[in-house]
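See below for the structure under consideration.
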Amino acid sequence: MSEAQPVLRLEGIVKTFPGVRALDGVDFSVFPGEVHALMGENGAGKSTLMKVLAGMYQPNEGRIMIDRKPVVMRNPIEAKQNGIILIHQELSLAEQMTVAENVFLGELPRTRWGFVDWKVLEERVGSILAKLNCDFGPRTNVGSLSIAKKQMVEIARALTHHAKVVVFDEPTASLTDAEKVVLFDIINDLKSDGVSIVYISHRMEEIFTISDRITVLRDGSYRGTLVAADTTEDEVTQLMIGRSLDYSRNIEQGEIGDITLEVDGLSCGRLYSDVSFAVRAGEVVGFYGLVGAGRTEIAETLFGLREPTSGTIRLDGEAVSIGSPADAIANGISLVPESRKEQGLVLGMNCRDNITLPQVDDMTAGPFVSNGAEIAIYDMYRDRLDIKAPSWRSEVGNLSGGNQQKIVIGKWLAMKPRVLIVDEPTRGIDVGSKAEIHNLIRELAHSGYAVIVISSEMPEILRVSDRVIAMYQGRIMREFTADEVNEDNLVQAISGVGNGKAA
Amino acid sequence: MAGFVERMRNGDIKSLIARNGIFVAFVAFMIAFGIGSDRFLTFDNLESVVRSSAMIGIMALGVTIVVISGNLDLSVGSMLSFGTVMVVNLHDKIGPGPAILVMMICVLLLGAVNGFLIGFVRLNSLIVTLGMLSAIQGLTLIYSGGKNVDVNPSTQDTTWFRVFGRGEVAGIDMPIIIFFALASFVGFIIAFTPYGRRVYAVGGNPTAAVFSGIRRNRVVFSTYIVSAFCVGIASIILGSRVMGSQNNVGQGYELLVLASVILGGTSLLGGSGSILKTVIGVLILGFIQNGLLLLGYPYFAQWIVTWIVIILAVWLDVAAKRGRLLSPIA
Amino acid sequence: MAETSVESVSAQANQGVKGNFRWVVRHPIWAFVVIIFLFFSLMTDTFFSLGNFENILVQTSTLGLIALGMTIVMINGNIDLSVGAVVALAASLTVDIMGWPMFESWGNWQILPAVAAGLASGVLLGALNGLIVWKTGVDAFIVTLGAMLGVRGLVFVYTGEQSFFAMNFAYSDFGASRFLGLPTLAWIFLVFTLLIHILLSRTVHGSNTYAVGDNREAAVNAGIRVGPHMMVNFMIVGFFAALAGITLSTQMGASTPNLGRDYELWVITATVLGGTKLTGGAGNIIGTFGGVLAIGILRNGMNLMQVPAFYVLVTLGVILIAVLFLDKQLNRKGDGELRI
Amino acid sequence: EPMKIGITQNNVGVDSYQTTYEKAFIEAADADADVETVVLDAGGDVARQIAQIQDLVQQNVDAIIIWPTNGKAVVPAVRAADKAGIPVVITNSNIAEEGFDFIKSFSGPDNITQGSRSAEIMCDKFKDMGIEKTAQIVQISGQPGYTTAIERAKGFEDRLPEVCPDVTLVETQPGDWNREKSQRVMEAFLVKYDKIDGVYAGDDNMGIGALNAAKAAGRDGIIFVGATNFAVGYEAMARGEYWGSIYQSPVDDAKNALATAKAVVEGKDVPFLNYFDTPKITQDNMDEFTKPVF
């Protein structure tokens, strides 16, 4: 492979934003038919580099060569014409339109009369969806799909073109295992057609499964390229964060106290039914299940965002009725929501204001918000969570995806709740910070919080939970203690087979 | 404020200008007119312009808050007609004090109707306030029977009601003082209190605001109360200044008010904007009208210049924010 | 996948129950149109007659034509507040130019260059609005709010405050003419309604219009040339505003500089009543047509019922809000919705 | 069976004159057992007025009275009504000459004459004061583009040089029939011009706005002349602050219109231009007039 000429070469790319040098002379090259992983901490500059490549940003310095010819791509259209397709980290879909229209957005097939050729469109999209093993049709409205399925729609776009280079920016952050398998098949197919793939992910096991070479960025600069077959996770981690990870630093289970939160026979329409469980102070309960199992909906009910059709919620033994998130917060319940952009952040606000938003009422000096108190909180969580932002004044919308997620987590930790619910807390977070967040969750439990962790990542659930509750189609199937639980029985429980008690 | 001082100390004037394109536009504009007419920068003229902008300005304060929270209020014009007709009409009947009280209550009730329909029932603010524009106009006409109302001429020079529109403190006209006092008050609330923070959050991302424990309904409701309150104050000044009112005095004000809010750089998408900038927007609009009048241009020249200035000023503002002149849209 | 079958079964059941109402749910304005139609038919002797329906069609054609264009720009995620001023500009230009001495020998053909100039003015101003929105990135609301004032200023400059009179009676005869049993102006409105309906629902440009309004960034990323695309749509709305100005002036045989005041608000109202979202991405011509008819029928019906002027204002306001409320009730989502 | 007369008015509620007119019209019609009326308001919008004329034709009324929102633009609609065999009477402000063939009569004041008379009032006063050689005046006109505003301004501007050739009209700005707007315009004039001897306002409502501004600025000795004498104008004259105006009664206006229409329906002869008189009123002769009711 090394004797071949790179299909794509980026040389000395520099990209600055006001107050940030996001890329600082990065070199990057891709050979035909290789899968090239791009790794780095949150905010290292991966997405920015790819946006430069896709014509969305113009580099301040450096040049891009395709097939050894320098090219200037002023916009995504020109990038596409040069054979470069980018599957975005943040979904970029027209929600009110159909799957078919989204897949061929910008290049819908026409009939002789200039009308949209719906027949051809649906046929082509239908076959792509079949290839991707999708269970929805071309006419489905994108807005009605779950995040994972929307991600599949994004991926479908990559297959409409005969591209030279396809860039996947964290495609698996919200995919299930089944869909992941499909994705990897697709990537292998593309590869065997001679298409080059750039693959961004924070998940080591994926990287080593599919990539040929790995390039690491750190703080906007190039750190080196490794051949996947000749390296180890540890080596990559070293290059990324400058140290090895110590996975064993799992904080011991603290003293388990009284029941803090108790849910009895809770149902909510068709979303879930007859859910009962309890969480004690000092305990982490993990909720595991397939996407759509109804875990998020339970969390939303506890947080006052849904009205249960029946059942009771008790806090410290007293029945409470929670009509709104404001009530929930008053009762000491916090929720780190699933979708950071829609639910977690006010993107146009700065970092500090986002972190203090739920408790801004308590941070006053006289009638005014106290600047000092707010900055103190921000500084504390910036350090704890290693948030990379130019300053507290930076708009959250300008942070990298992972750093945005850290702000959301910081915001709810800062509330010091009695019951903390975290829904997919580490989506898009780099390995270093992920371990740190896991430790934080354990620590919080240790200091007496009742914590619920919802996650679709089995390793995460297994690492942080004292007990695991497995859900399937809106019902609790089984409860495991930390000692009982293992990958096999968990997988069995969430797929509806076996001796689940509610089956 | 702290940020401002800090940036000045850092000598980061360029970024200061970049963030406040609208101030630059304002200064450039004042200089241009100052050169064009020797009367323009006289105290009398400045006072006259600010005085006549005060009513639009006061209404713009409330509308700014509504817009920051992500909604619109097009009913302010007819609400102004309503408030003025009512306060003037009641003045002779029940005395100025009770008249002001009754009028304020009625105007706040109208604001509450807006706030209820938009905040709690969640109806589209443009259509609701457009409907209210029409309905309040009708109410005003029904109330007055379509007639002009006047304060009894024999009491016009003696009633204390005259203070609001015709009074002076230390040589400065009362409408100006009320405008700036209210602007500072509202400006501080919106910029530095938890309430203000909630308004920005609701405008910036309503879903995330609710997820943060903010009672969005109440916040939206409250913005319309603030807006109605401002209209009430403007009505008092207008009634007192003219000592009479017509049923259509506020007609067309809704768009002028909105124009000055936007001119100040408040985004219609919600979540951004500031009272200080709105005040600048109001003054720019006021000075355009006045400046051209002084230069002797016909009234329709004002409209054409307003067209150009609105676009240039807002362009400067957004260009400064994104750091390049032209938009990156292909 | 098991969970989807649960979903789709219940979805089908849902369809069975609501089947007949689906259309109404998608176009609640038509339910309202039917209600007020029945109401006025019963309440007045003069409402229910062919002549009156023709009147309503002709009277709504002005707002209606503009609303066609407005629907497009609003689906596109923009708005055009300058339409009222463009109505006045196109009407003034057309009526004035047809009287220019250079066309005197043209006979009735003198109307042609005049109409062409009128339409061109609308298209050009639309292009200007679109170009500014595209290149400066300033919100369309602001750009066209400015234009609303500025274009009105141009009208006053051009006309010197004067109304113009069409010396050629063929012009106003056209406004009153009939074709195949219907007033010609009604035909113009109906034909353009159909054309724009096809444009939006069948063509690539139509699909892109929805996409750009739905998620502008996604459209850019997907390689749609969003700038020129939006500019074309502004030219379309400019064309329709100008056309409306011209058809209106054929009804009057004259133009006045104040023509079209407040039209922007009424057109937007009709469009939103028809289900077009201010935030873009959703809407259609069937709804807009219903919205325009609703306003036309209300005004006509209240005239015939002799509702006093002051109460007309209150009634219109209340009804606007009521329709919105109705829409909200019909489109209520199921238990999937969060209490946000 | 009573005759059915339809009226479409310009813009009721925009000022007291139109409102009082409407009331007087309805009262007069109610008092007359032979007449039944359909009363509509165009809200100042030509297009809506045309629609209303069409609706009245559709209802087949016996006569239509039109208070034109625009003298030219309603002509084709008037022509259509005439073709449908319905007699049309124009009230308050006339339509363009092109439409004269299609109407039976015009009933109302003569706005051009009113403008001329205001110029004469102004000029006579200046001559009394002996400043007719040097005086500078400003004009505040009505809403741009509306017939009444244009005609009054034209009458004034044409007549002034004939009677007082040395008086200069330095500037005209619209006050939109709005007292507050007029007050603002006058404030700007006062800053701009050190010497203002007279103000002509398109109606008394705006005149009083200008007077307010002058009083607030402490500028005495300005001669204010308006038109359509409002109660506020009358009172200001009584106080000696306001010089003169044109007396025009909306009640006369309304009654005249109804009577004309009725006569037309009954087939009687009516003069084509059925003006009612609008005399000059100044501080000197105001005792001859009762205070306006609006």
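Each chain carries a letter (A, B, C and D) given by its place in the written order, and its residues are counted from 1.
The definition used in the following text is that contacts are C-beta pairs under 8 Å (C-beta built on N, C-alpha and C of every residue); 3 or more make two chains touch, one makes a residue touch a chain.
For clarity, every value in this text was computed on a predicted model and none was experimentally measured.
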item	value
Distance between the centres, which are taken as Cα means, of subunit D and subunit B, whole angstrom	33
Geometric centre distance via CA averages, subunit C-subunit A, whole Å	43
Cα-centroid distance, subunit A relative to subunit D, in whole angstrom	71
CA centroid of subunit C to CA centroid of subunit D, Å	35
Residues of subunit D whose C-beta touches two or more other chains	12-13, 144
Shared interface positions of subunit A, touching two or more other chains	75-77, 305, 324
Set of subunit B residues in contact with two or more other chains	141, 146, 207, 210, 298, 300, 328, 330
Overall pattern in which the protein chains touch one another (line/ring/star/complete/other)	other
Chain-to-chain touches, reported pairwise for every pair that qualifies	A-B, A-C, B-C, B-D, C-D
Sites on subunit B touched by subunit A in the complex	2-3, 15, 188, 192-194, 197-198, 200-201, 204-205, 207-215, 271-272, 323, 328, 330
Contacting residues of subunit A [partner subunit B, same complex]	18, 74-77, 303, 305, 324-326, 328-330, 335, 337, 342-349, 353, 357-358, 360-361, 363-364, 367-369, 371, 393, 411
Residue numbers on subunit D that touch subunit B, as the complex places them	12-16, 18-20, 22-23, 144, 171, 173-174, 177-180, 183-185, 187-188, 190-192, 205, 208-209, 212, 216, 230-232, 235-236, 239, 294
Partner subunit C, residues of subunit A touching it in the complex	54, 56, 75-77, 80, 86, 88, 92-97, 101, 105-108, 110, 114-116, 135-136, 157, 268-271, 290, 292, 300, 304-307, 309, 323-324, 473, 496
List of subunit C residues in touch with subunit D within their complex	46, 49, 51-52, 55, 58-59, 62, 156, 161-165, 172, 175-176, 248-249, 251-262, 299-300, 303-304, 306, 308-310, 312
